[in-house]
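Just below is one structure, and these are the notes that go with it.
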Amino acid sequence: MSAPAPPGLLADAAADGGLGARRAATSRTRWGRALRRATRNTLVGLGLLGALLVVGLALFANALAPHAPDEQNFDLIESRPSAAAVFGTDRFGRDVLSRVIHGARISLYVAITSIAASMAVGGALGLTAGYLGGTIDNAINRVLDVFFSIPGLLLAVGIAALRGPGVNSAVLAIAIVYTPIFARVMRGPVLAERAKDYVEAVRALGATRLAVALKHILPNVISPFVVQGTVALSQAILIEASLSYLGLSAQPPTPSWGNMLNEGRTYLETAPWISVFPGLAIMLTVLAFNLIGDGLRDVLDPSS
Amino acid sequence: MGRYLLVRLYSMAVTLLGLTVLTFLMLRLIPGTVVEQMIGADAIVSEAMVAQLKAFFGLDQPWYVQYGRWMGSLLQGDLGTSWRTGKPVVQLIAERLPVTLELTAFAVAVAIMLGVVAGVVSSVRRDRAVDNITRVGALLGLSVPVFWQGTMLILFLSIYLRWMPPVVWVDFFADPLRNLTIMLLPALCLGTASAANIARTTRACMLDVLGSEYIRTAAAKGLRPRLVVLKHALRNAMIPIVTVVGLQIGILLGGTVVVEEVFTLPGVGRLVLWSIYQRDYPLTQSTILFVAVMFMTVNLAVDLLYAYLDPRIRY
Amino acid sequence: MSRDLNRRDFLTTAGLALGALGVGSTAALGQTPKAGGTLVSAQTTEATGLDPQLVAAFSRSRRSPMMYNQLVRFEPDMTPVPELAESWHTSPDGLTWTFKLREGVKFHDGQELTSADVKFTFDRLFEKSPGKSDFIAVDKVEPAGKYAVKFITKEPFAGLLAALGGFWGFIISEAGIKKHGDLNKAALGTGPFVLEDWKVEQQMVLKKNPHYFKKGRPHVDQIVLRTIPDEANIVAALRTGQIQHAFIEDNKNYNLLKDEKSLTGYRSSRLGYDFLNINATRGPLKDVRVRQAISWTVDRAQVLRVAASGFGRLTAPATAPMKQWQLPEEQWMRYYKPDVEKAKKLMADAGQAQGFSVKLGVIPTFPTMVSGAPVVAAQLKRIGITAEIENVEYAVWIKRWQAKDFDLTMNTTPGYADPDTAFFRALHSTKGQNWNSWSVPDLDAMLEEGRRTLDPKKRKEIYDRVQLMILENVPQLWLFSADTIDFTQTAVKGFRQHPTTLLYGFEGAWLDKA
């Protein structure tokens, strides 16, 4: 029996996860070949480079940005890219470059905290459900089903309304959307792993359930889980942008990329640089994470 | 199979019950009610006025009474009446559901056509220029926010071609051609990311299959390459592709809100959004419930289809 | 033609934007309106319901004149003219107003309008409408024969005409309520258009009322009010000729459209204004010197430039369309010259030299608030006030507004035709809403006097003093009054803007192509 399919949410990661669990293991790729292919693959290298760049921007935003992100300059309103402002300025005369740099912070913050939280909670739930099985499995699944059965964006709308829109509402929304996904990505392989003989053997030797789960089962199922995480990171950045568009995430004047993109959308004709640069930042970051995800998949998840 | 279906239906019912509680409580926890909005910013507020309005909407009752009333009417098949528009919720859903379904269907069509073709071509021309372009294109397709894509499309078309999709909505049955012109861009935008996903899966599966013994044998026997690819390889790569397509349907259904908003389509997603802002409880809670049922049904159907396609799977 | 040119020249030289640009000339040219056709109009905001007595949202008020009429209507120059009432007079003691109704006016269901309907309208209004705040001085409404009604007031009430011609003055029919329960989804009025169909967040279809009491009007057969939440799409729809009219919310879009040959642009001063509420019960904000410091440091011209792309004007408490109540510009403008040094000194005098932190509320769906707030915050920073911008969804904002739960908040109002409605409710410390929770007893007394005074000249003197006192004591900051901007296809003639932005303008609109 195959693991139940994760119903799709707004996350494309769900698709890959379900696929990973469902696909017949017909692939004949071997570790060594995959490793060579991955290192050979300049695309993965580029992805790593891009991700490092973004992380660097986020870490050293204060040092790198020529201006404070909310510093207004009324002598330089909506001015096109020039020596004074390399990416131009927006309607408040704020430096777009500085805002893009600081935006890396917010976008990464949203992506990393939300995905880390959902991986931790979802992973733990999935491991528990899969390993213990029975009533507990059932109970966990029913609760997760409830969150699973509402389209993710609608859930996000509700959360933003509940808490008031803002960066942390977006984090919470994305985390809640991804938690059941990660729980399922974890549960399926755990079920398969638990059925193996060695688990029985280790238990017979007197290992506690917790020890078996953490020391023996987890290491064997973690790879596809991590690959999922990388891809989910890239999705989280896009979701944050969509939430910004619907007015549910970071609020002006917070310089999140999604927010800048949305604010600048109305200036596309007269001052395209306001939104083009944050748009590029989103694209490149998402691309970088996707490339890394592809590379990791080759290395870590030999089944696909 | 029958037993499996029963179990699934049972757990669906449990989930739905949980969902009603969740939705109901969440809505009540959201600050602000319809009452303050009815009174507005310009009125001199009096206790009596607030009490009168609260009583009118039944908001003066404890939450379990309100919940009980809602459940009671649900059990009688009544989704309730929208507070703001005064129309039955079921009528509002009926007006808008076809739009969302049509949008999803077209997006799925776009995704399948683009995705499968690109994936097959890419796998057959592995590591050639076409393959690389397709792969990078697929990655880019995954990297652009949908609303951004939509805005750009509308802007460029309206400025350079003096054209945009008609803004006044027309039902498919009233005027199919006009309806299709309205749907074209939204479906394209919505379908892009899914197309990219499908293309990637198709490529990977095709590569697997093309590398297998029997395909090489078929080729060695001198069958025409096109026939080999289409008849033998694609058919065998179909199962995972269908799976991913099925999953995309769910994703697309959930992702319509943004596209509906960008292109001003009168779909269910925007209805829910609006109702939440208006604190129109009956409309929000019953619509979300409805969407959830739809969502779960799609997922169930995908699972059943999967079992049907892959005889190795038995539930 | 020459008249139009003169007018334009005048507007340019005086730096004013009164009256519609581009239109107005059609009447002078004497073109005969053509009948027929469908006019599609778009706006970003949907009405939340249609009942002219139960729905407070401005989106409702804007649509009401399409389907209903008031007893009195305010012309675009804000002078009251007869509408359903043919004439009116007040009793010598000023306590009774008698309105003579126009005879033969028919509701959409064919019934004739009588004094009973007017009485019913106001009885229902007083019973269950938030709009009764407009009529707080009115004791009761009595029929005086079939075609006349009396408004009996508790004290002389100078603001009555403004209230009747305001957002809550639309006359409904008793039969309509009996038939529909409420008028949220249906409409039964005497207005130029009959509600045919309404699909929420989508469109409202209105058909010509063939029995409209103004002969020959309306000219078009049908109006479709489209809701298009994203203004970028409205701009695109105007350009591609898909819609005939749009009300532009974001003034910077004027620049995008003003040179389009296929479009006619309309820009005029608005009765409403954007303002900054200061809660006078919150910490340092209690001190009048701190409020004055805020006033001296906020550069209103800069806020206007960013929030409305400069399409608007700074305004005294009485905005430009309230012409007869306006203070001479030099009297109020001197309060608006930013003077940071003076502001810092006031802060120091108030013991706040080191500054303080407050929250500044913004409703994310109001573009001028979103873009105005960062400018205000940056300017307050100059005198040490840290204003943290807090985005609050409308439903929550209004809850807090009613509870006076804010420090500073950006705000906007469609405005008021009469200084009584404009100032009494906003600023009287006990008998109104007291927006800013402040109290200046002298001002209370003057506001009450202004309400009772029916003589225009005396009233003017009172409200001049009221306005100066406001400027001196700073209950709130009048930031700017953004221009009203509409665009139509050039084929649309006879459309008129209204300073309230209420949709009166469609009854005279016609399509040249039809």
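A, B and C are the chain letters, set down in written order, and residue numbers restart from 1 in every chain.
Operating definition for what follows: a contact is a pair of C-beta atoms (placed from the backbone, for glycine too) under 8 Å apart; a residue touches a chain by one contact, two chains touch by 3 or more.
Everything quoted here is computed from the prediction, not taken from an experiment.
Undergrad: Specify the chain with the shortest distance from its C-alpha centroid to the centroid of every protein C-alpha atom present.
TA: So the chain nearest the centre of the shown protein is B.
Undergrad: Hey, which pair has more contacts between C-betas, A-C or A-B?
TA: Greater number of contacting C-beta pairs: A-B.
Undergrad: Just how far, in Å, is the C-alpha centre of chain C from the one of chain B?
TA: So the centroids are 40 Å from each other.
Undergrad: Counting in whole Å, what is the centre-to-centre distance of chain A and chain C, each centre being its mean C-alpha position?
TA: Computed from C-alpha means, the inter-chain centre distance equals 46 Å.
Undergrad: Please work out the Cα centroid separation of chain A and chain B, and write it as a whole number of Å.
TA: Centre-to-centre distance between chain A and chain B: 20 Å.
Undergrad: For chain C, what residues touch not just one other chain but two or more?
TA: Residue numbers touching two or more other chains: 232, 393, 396.
Undergrad: I need the residues of chain A touching at least two other chains; which ones are they?
TA: Within chain A, the residues that touch at least two other chains are 161, 164, 265, 268-269.
Undergrad: Return the residues of chain B touching two or more other chains; collapse runs of consecutive numbers into ranges.
TA: Expected reply: 30-31, 151, 155, 159, 261-262, 277.
Undergrad: Considering only the defined contacts, which chain B positions touch chain A in the complex?
TA: 11, 14-16, 18-19, 22-23, 26-27, 29-31, 139-140, 142-148, 151-152, 155, 159, 193-194, 197, 201, 204, 208, 211-212, 239-240, 243-244, 246-255, 257-258, 261-262, 269, 272-273, 276-277, 288, 291-292, 295-296, 298-299, 302-303, 306, 310, 312-315
Undergrad: Tell me, which parts of chain A touch chain B in their complex?
TA: 1-2, 4-12, 14-16, 18-19, 22-24, 26-28, 141-143, 145-146, 149-154, 157-158, 161-162, 164, 234, 238, 241-242, 245-246, 258, 261-262, 265, 268-269, 275, 279, 282-284, 286-287, 290-291, 304
Undergrad: Which of the residues in chain C come into contact with chain A in the complex?
TA: My answer: residues 231-232, 250, 252-253, 255-256, 302, 305-306, 362, 364-365, 370-371, 374-375, 378, 389, 391-393, 396.
Undergrad: Which part of chain C faces chain B closely enough to touch in the complex?
TA: 40, 42, 46, 48-49, 54-57, 128, 130-133, 136, 167, 181-182, 184-185, 198-203, 224, 226-230, 232-233, 235-237, 239-243, 393-396, 398-399, 401-402, 413, 425, 432-433
Undergrad: Which chain A residues qualify as touching chain C in the complex?
TA: Residues 70, 72, 74, 77, 91-92, 161, 164-166, 247, 251-253, 265-270.
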